[in-house]
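What follows are several structures.
After this come two complexes, each holding chain A, first together with chain B and then together with chain C.
Moving on to the complex of A and B:
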């Protein structure tokens, strides 16, 4: 009976999360359209719905109406598979996302490990998309994505290891509990936060690290030959990943669903869940906003500078941060 | 039943013939597409044997090299330029620029137009500096016909030309950033352009292809309303430019990508014929407005600005400095603006005496000049234009080998080519 309940709960949760990815993507895309428009002194979309609210929704449905084109010499199987892989990598990592107390789809004891394992899968999708398209721009984009993500995953993960060592847990819920007791991780791991933020931007291909797409160099990187809903999946996955990375940053460093100081940190019962959801989404979308702001401001770094930064700056810094953190933890017997 | 006659591809016949001739002459047979990269066939090769040594050099691939066709439909090739990049991974080994996708035969059109109607044809050449395009033929035809524009006309000419330079350089800042992935500067550049274009349309009636210059004067006089609008514009013009500068000039990423990138020494620049801001960014103080003064420039006070770097960043800084210099020149022109007519007495159809005339102006992209020959008829017998961006493009294949694909875009944008002018 317990097993059946568990399976039922799992199915319900995954279904809800899959359904959640779509409006999330719409909201993030709408934010990008509107916020960048304001920063560039233009109106942005303002025709569909009040204040152009439904522009991104229409964008999404537009993909369904477009021709599904496949290059003649494309590898059919992998070409079809790639968008799914990228999308599923993003959607699956939402499974451990700590939205609010009582609103975690799967409360694993190794949630952090699971998260970084799954989010890294998207690189495989991008690589095979680049390979299967039979296009040189796609291939270059795919290779770039492989190189970039493999390089940045190491400092990304190392910066999180510092958090894990300090919090003594791989479970998101317990980590947030630790932050409630000891103060947000941001105070304990400022260097880790910096490394995490830079590496996470690279991990999800956001400006200034959007090497993979690089519209002025590689046309659209691995997505060049994709059209219709296949492209839509890449597009959605990218924006969902942006939200997820923002959410994970909120959970790891900014106390997740905990409210900041003048407010009560947590409430009980169903109201507490809503209260947690509010703060979690507020923090997450704040970081989404930050990423959009960066996109409006910064030019792109070059591919060799990107690699140089990962291996020569971030990796040693992350190592040092981990070493110091571990030393302090052992020394103070935390 | 007779066998169907086989139809041979004429290209194939040509190729076979060429191979036969080469063998007969004792030459080695031509290599066909050489390399293969990661399972890709070398598509993009011309469908014929190489015609020149240079072509053979570019289109012969070594192991691990491939050709990437950048353009004519690439997001950042400034119109319809096509660069065939020979790359090894992401490193550019060689570049073959392919031009002519926007060729409209403007020189020939001008030779079939009367002297007065030539002005309408030269506008769409370098569409970001249409005023300069009209300035050079106007001077050349005035020399041919022996007429002088009134002083007020010369001042208005200088005014609109400097206004044009302001928006052209402002846009260059944006295009350079856009080609390096910065989305915003181009929008600010276009705000700046829109303000200038409003002024130019107030005086000429057109927003892009102004058709404003006439042989012996200009089309319309500038009235008081125009000058009051100019004053309003002058008060706020630096706003968008400074916003762009704040985004780019001290930006660590921008500096990291542009300083030391695509260095063109002064000597190389001169030997390639590069002119204008691109030449001055390499430290050569050559400005047509000073070196071969025309119009009213001798009466204005300004220094030739140069940079020392010769790299992408220097070319960017050169544009910013010249933009501010142009605004300074506009101030002077408005202060000194004389009264009087704006058009000399010129008949509707001009028939200059047989002869030839040359006129050069400093366009935002460099030395733009016109050489016109008259045979006494109503049309120029020969009308030749030297477009500066066509000549600047020669530098790109020299600068790129050993750099990355991403830098191709940055270096190309730093030369600020306009394909309408390149292809004429």
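Moving on to the complex of A and C:
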């Protein structure tokens, strides 16, 4: 009975999360369209729906209506599989997202490890997308994405190891509990936060590190040969990943669902879940906004600058941060 | 001292400001700017289905333009340089019309001194009065002027425009029709009509005969400056095709032989006139 209940609960949760990714992508894309427009002194989309609210939704449905083209020489199996891999990497990592107390789909003890393992899968999807397309731009884009994401995963993970060492847990719920007791991780790990933010932008291919797409050099990177809903999946995955990275940053460094100082940090019962959801989404979307803001401001870095940044700056800094954190933890017996 | 990341913050401050800044884009179909009453939109040349300008440089638009803003010269639909385009000089924009447009007292003939040509103004006024100052007589007046000066001096045209109160564009445009010259030229202008009617009736053999007789090609002048040859499709003599115009006089229909004869006659008469002039002086 318990097992059946567990399976049912799991299916419900995964279904809800999978369904959640679509409106999330719509909201994030709409934010991107509108915010960047405002920052470029334009109105942005303002035709479809009130204040142009449904522009991104229409974009999404437009993808469904488009012809699904596949190059003659493409490898059919992998070409079809690649969008799914990228999308599922993003959607599956939402399984451990701590939305609110009592609203974690799978609250298991190695949530952080699981998260970084699964989000790293998207690089495989991009790589096989580039290879299967039978297009040199795609292949170059895929190789670049592999190089970039593998490089940035190291400082990204190392910066989180500092957090884990300090919090003494790999479980998101317990980590947030630790933050409630000791103050947000932001105060303890400012260097880790900086490294994590930069590396996470690179990990999800956001400007200024969107080398994978690099329109001016690689047409559209691994997505060049994709059209219709297959491209739509890549596109959605990118924006869902942006939301997920923002959410994870909120959970790791900004107390997750905890409310900031003047408000009560947590409430009990179902109201507490809604309260937590509110703060979690507020924080997540603030970081989404920050990423969009950065995109409106910064140009793309060069590919050698990108790799140099990962290996020469972020990696040593992350190592040092980890060393100091571990040393202090041992020394003070935290 | 360089602080890493400061430039990024500066850039983000700029974009952040822009985010809140009011947007000034005109939402066109919904909100339209109010135009002045006399607004007529943008002047544009229309193209025919073959991609050519429909404009034939006929000056009709210039004639109806209420503020006399149009002034032109160019190539007509047959590819001929349209000769009523005097070289436009920027200063010409300051002509009396421009003053009138600006609501300032007009100073007629402001630029008169720029041209060497002196004309007999009182004589011209007598001519104009002789025709009763009617606009229909414009071509006849031009003929009289060209008879006397050999071409239509700009000062004369300006005087006609001012005296008869006809738009400058209209006077200038009319001067472009049929055989009038706008620049002083030695000798006589022979114009062979190349309109469809004349071409079918043998205009080309006529042109060949005249080219042969004068020893020059189209657009050239003989070495002694007595004869110039050109072609036009505006001799406007369909009933007597093929036609040739010598100065303002139109002859036709002509065969090649008759054309040679005509030219010889004109040369003989000229020689006699020159000899007489020599004796008198």
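Descriptive notes on the structure:
Just so we're on the same page, the second predicted complex is superposed on the first by the 334 of 334 C-alpha atoms of A that agree within 3 Å, B and C clash if a C-alpha of one lies under 4 Å from a C-alpha of the other, contacts with A are read in each partner's own complex, and residues count from 1 in each chain.
Convention: contacts are C-beta pairs under 8 Å (C-beta built on N, C-alpha and C of every residue); 3 or more make two chains touch, one makes a residue touch a chain.
Quantities reported herein were computed from a predicted structural model and do not represent experimental measurements.
When the two complexes are overlaid on their common chain A, residue A:34 makes contact with neither chain B nor chain C. When both complexes are overlaid on chain A, the residue A:59 reaches neither chain B nor chain C.
Of the two partner chains placed by the overlay, only chain B lies in contact with A:137; chain C stays clear of it.
A simple residue count on chain A separates chain B from chain C, and the partner touching more is B. Of the two partner chains placed by superposition, chain B and chain C are both touched by A:297. In the superposition on chain A, contact of A:43 is made with chain C only, not with chain B. In the overlay built on the shared chain, the residue A:219 is in contact with chain B alone; chain C does not reach it.
By the touch criterion stated above, A:230 is placed in contact with neither chain B nor chain C. The intersection of chain A residues touching chain B with those touching chain C, taken from the two complexes, comprises 39-42, 296-298. On chain A, the positions that touch chain B within their shared complex are 36, 39-42, 134, 136-137, 139-140, 143-144, 207-208, 210, 214-219, 295-305. Only residues 35, 38-43, 293-294, 296-298 of chain A touch chain C when the two sit together in their complex.
Looking at the complex, you find that chain B touches chain A at residues 38, 40, 66, 68, 74-76, 89-90, 177-184, 187-188, 191, 247-248, 251, 253-254, 256-257, 404-409. Across the interface of their complex, chain A is touched by residues 8, 11-12, 14-16, 18-19, 21, 23-25, 27 of chain C.
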